[in-house]
């Protein structure tokens, strides 16, 4: 960008002497920007107009796509939050990381609670959730436990005999079984866990729902399949069983539907998308033509150095071409998503997102019409090698400290437990985010003396417990 | 500010040669500041005195107005917090964003609780709150539900038949109905919600109160009308019904009142406001006179360039004039508010706030008496175009990243769900506020194993529930 | 500090020409520092030695005093936290700001709870706390309510009739009254609050304790008097009664005591304090002598300008003198505190703290022996006026924004409710602390659906409540 | 690093004049780096290759060691968290700092709860935890209380009579005692605490566990001994007894074990460690040879100044030698840990961590091949004295403020209670971390009015309590 201006100015300063030969004039014109070309030959700025139009339509398309995407994401999340509250006993907001049980009876209670909530779905749930119908049957809940094949663990004697092969045992609960019509499931579930051997228990089941919200926006509602997996993780055998709920979601077109009001604007959207594809193709042709012309000029002018020849192919054109190709592919994908034949939202969002970013970044080239801006770019280019060298040095030191901190402080502080956390922590420190190193700013939730006689205090449990067999720790 | 000084100095440096003609002397004097004029002609700084007086009185007025405003705002907020604790079951401090219910029985419980609290107002409430008396009747609570006209939703079969037209059904509870005199309202409320179809339930009612606190400040207490709306939002049909309480407040003069001690200082306040209006008018006249004189000098001295001619109209005067006009209007409005004829606090506060800000900013001009300060301003003026160009570039890049981040990361992270949040998040990052990107610093509230047998564990509910009809998901 | 060096260097550079007359040599020697004097005349650096000794002993004294102070503060705080847990029903860690009650029954419950805890002190409390014995009687708890003399408030009709004079009614509970020996105080307390009229209720009582912890450090335990005031604040009449606990503490020497092990090191401490006083007096004499000598030299050398003459009185000496005087007074006070004749910890801590700070700041003068350091100081002096001018401008703008923000945003956002908060908020913003303006980072505590049938759900209360009198809002 | 290049350039610039004698050429070659040597004499860069190999293998070793360490640390922590939930009544996540009890009955309840949980280990616990078997007996729990020998404390009369000697009384609970087979331990524990005299109560017991998780990684499981100490701290006698749980862990090889699948890769690991030791020894020999050669050249060239002679011994070699020695010792230690003969993880981690850091920092020397980098280092060297002087001044001021702040504000604000906290707080302020000085950003947990009739409200306790003896505060 800078060299041509140099040519221009050197030329124009000698204008009165007529030293500008034809070749120079041609080059001169080649490196002019839209404004200058308009003043020089009154050539109309078609390319510029197309770009401005493209910015407008691509942004509108992105916003519309983003808004519909946002609705789907919100529906997914709301459902996941609701499932956590409904299927995990005593779950509260944002306690995912610390949600765990610590005693044998807690494990059974939690399982029984989840099974009960599942069985009484139609009485408990608010929303439009239902079991999956396979043929005429309802889908079942699978309770699977994974355990070591053999495990005689006697920590008291420092001895153990283990076969680390993992076996799986499953157990199915069907919603239409008679036992859930009034009495708690507790008595009916014949589930016994061998706590010495078991690694994980998984409760897996499917629920279905329809996102009616889109009807308000003249869009066809989607059908959602939720595959819920509640995992009890005892892999560490550390008295603490972490419980997590995974919600796997798939979106499908509903089979049979009827909506009284007409759902129409899909067609308009399709036409708009087609218009965008057209615009981008025109922009693409313009840019490719300019690039080819640049390469021709480059072939004709061999007298310049290699780095100067690079200047003939405008880097902005390359970016515009990439952006246009991405937009075209993205828009085609989007049309297919709207026609419900594909559901690859993610690929489409990456394509449209990247292309829109490039389109907006491309606006900067028009600010390059002003001379001073180019000076800035030149300075940046000159400083680059030093900056890279500095970054290399810093990276080495950073890596050294990371490894050292991980291995030396890992045993003593939370923030050094894994390499990820060490690097994050050091980056924060460098960034000035966080000085309070060994002083976690935790919110302390103090119930202590207030909650004395809550039902889990252990008192009530004792009467019902069987007599303790003290010397029976070695089980087979 | 800078040019005149240039004139002065160039003039004064050649003084010994008597090159300063009459015109230059006149201009010289014109551009002198109050101090210099005093030393040159012993002219007394009336304008300066008026401005200093204005700063004092305007600030006092603002502080007094702000203090009385603060009291009203505090009363509003305290009431809203109290209503949330009184009408929302199990509400706790700052849980507004997560306050929601998840099961059918919770929805009914919440509605019954609110109705009961409303009916037993005089037994439960501490403050001076009462029902609205229309004629001789008490105001009623309206329970309105909005639902789809028709909705057969069968997620199990992936089918639905819906009429998205929204119907509204209302139901009124009157405080003087006999049924609330001892037994819970539960049995009496004939409210049944069709959870498949309903979108929102709204409980709306009015309460009245008097803010007695102002009596201590020798002010007349105001009468407040609170219009409370509790909304159960099921629009998403996602198992989660968010509950929010809106408190709409209107302030009115009380109809009939008697206070033993005299309420007096309104008159003094009125006089003070009148004095401020007077001061501002005088300042206004002075400034307009100076501006007119400046324009005259400008007309006489055509030999200067356009940008130099701009210097003749002092920009500080313009600001003072705007500030004075705002103060006058604001003060008049304030007097009417005090006379209880108008209640437009907001307009008045914008007027007085802006004018006071200008008055204080105006103090900077007196610091301009020192030469060095002007150098700073000159530098700033020179750097402005580059700064604007840089900002434009940065804005383009920022917008590009915003769109891209929203569409690509929106599905994966909370902070990218909507454009607002993306732009906020990126601004924070630029600002260096927040590095912990994917690591929400949440406070984890762990009740888990402690709260096992709380009444909501689901066990107690089973016996009372009707038998589950498994294949009845398609309701009309 | 800079000028003398100038003299020295200008002198020493011309040394070979013998231009340094006697006066210059004298001045030269006067401005030499300890090191240079030692090299010039082998004068031993007594003054320096005294200062170094002083730094050591003053710091040791401060640390010892600080450690004993720390223990007292910790005792005070631990007690206040414990009292909050013991006398406030349902109080939890760090909820002081939100601790409030919202219903009539809550108010009575809270009062009854506090009275009960007070009456059963010896059964409930762990520590060594007791009632105050006046003569042979136990101290009583005073329950005082403040209310308007007359108040007929009818918000329903927008009418009120009020006498804003405030009356006080007190009521005493004695620990040795018979009624607290088994049954709850609820029935016995004949307290009825007129919620329309009452402003505050205050529960005030005294407790005594002994801080035994000091015995381990060979110090005599102190006797503490705690005056506890629990205030129910209904001044706003906004349905929300804030409850706060104030703990006023006075420390006294115990009357009669016996400790088996000897409490001894007070004497050693006294001797150490005396030694510090001696050291400071010596340092004081040295410094005063130097200052007087400086003034004499100043009188002799009239040829210098006023600002140069200022240099003759070393500012470091002034600081050292102030520091010495403070240390002497502080040490005497400390000795009296140790002898238990005075208890003015605060004055003593201010004296010793300031003096130690000056002593440490004084260390910087010895770093001034190096020439470059003085250059830094010279630069700072030159830049000062501009810095001050900038600060003035910034202050004006800051004030303008503060007033404007307070009055215009005060109604809409928490952080603009009072002038303090606005100025704090703006300072934070300038400081780059806080961008999340309208987005309070609150921790949301969600119990919602979990805590359904807690006893306060309102159901249980209804049966016992008297029938509601609907038209009785106008009470006298 | 800079001087040699100076020599080279000065030499090469005069090359045409053949002024470079043999000595200069030799020095020239001596100061060449690997690349230059390769171009000059085609000498193969053995040293460089060894270093690159070392970086790779040392990093792999560290990562493997770190990962196995991480697993042990995670097991320790998970167990500690679980023990806190299991042995501390009502404990919740991250409340360690505020976990305390306030009433007499709470103390007893807490002790009884812990004893019960311990006795019912096999019924309550999930993981593989067991009592320690001494001979054929189970290990016992020791309940020890520490109290003053004599203590008659009468705060009511301001008198006390105390013997500060501390006595200890212990009491043992054996898991196989008959009394825990069904009834709560409450009645059986004959523990009475004299709250006036007791200082601390300690519950100490041992548990054993086996970390089975390592089986999945083909490693032999370790046996863990947990020594748990629950401390009730009443030293302050301030109504607040803090409770803390300490978990002391020792790792031992299990006595007798049998695993069905083969545990094998220890041998491969051993071979890899041996290979690292070999690599480091080769690198060590290379470096020592280079250092010796450098010293020889130094001896031969006496014409240079002392600081120039320092240049002959490359500081990078010194660092590499230290790093190699640390790696060799660390690797030997690691092999012994793997052979289960030593368990000094900490020493090993310090050795390996430091050596890896040095190895990575050593990479920077190769970036020194570029000339500009050395300029940076030269600049840093020149600026060092000034930087140190500035740091000294800042440290003095910092210390002064610390002492002053501690003593003067210590009584009024949490952040100034101890010297540590003051210095931390001031550092934060300097760092710009924290402006909100007196405004703790606490999360307020408000239960207040919600939790009215919880069992600890004090009502239920009254009937069972013995009549209060009011004048019995003087106990022996």
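Lettered A, B, C and D in written order, each chain numbered from 1.
Heads up, the rule we're going with is that a residue touches a chain if its C-beta (ideal position, glycine included) is under 8 Å from a C-beta of that chain, and two chains touch if they have at least 3 such contacts.
Everything numeric here is computed off the predicted structure, so don't read it as measured data.
Two copies of one chain, chain C and chain D, touch each other, and the residues they use overlap weakly: the shared fraction of interface numbers falls below half.
Centroid distances built from C-alpha atoms place A farthest away from chain C. Per-chain Cα centroids separate chain B from chain D by 49 Å.
Chain centres here are Cα means. That of chain A falls 35 Å from that of chain B.
Multi-chain contact residues, meaning those touching two or more other chains, occur in chain C at positions 85, 90, 92-95, 98, 101-103, 432, 442-447, 449-451, 454.
On the chain C side of its complex with chain D, the touching residues are 59, 62-63, 65-66, 69-70, 72-75, 78-79, 81-83, 85-86, 89-90, 92-103, 106, 109, 113, 116-117, 119-120, 122-133, 138, 175-176, 180-184, 208-213, 215-216, 221, 223-224, 252, 254-261, 345-346, 349-350, 352-354, 356-361, 363-364, 367, 370, 372-373, 424, 427-428, 431-433, 442-443, 445, 447, 451, 454-456.
Of all the residues in chain D, the ones that touch chain C in their complex are 95, 98, 101-105, 107, 148-151, 153-165, 195-196, 234-241, 386, 389, 392-393, 396-397, 399-401, 403-408, 410-411, 417-419, 432, 434-436, 439, 442-454, 457-459, 462-463, 465-470, 472-473.
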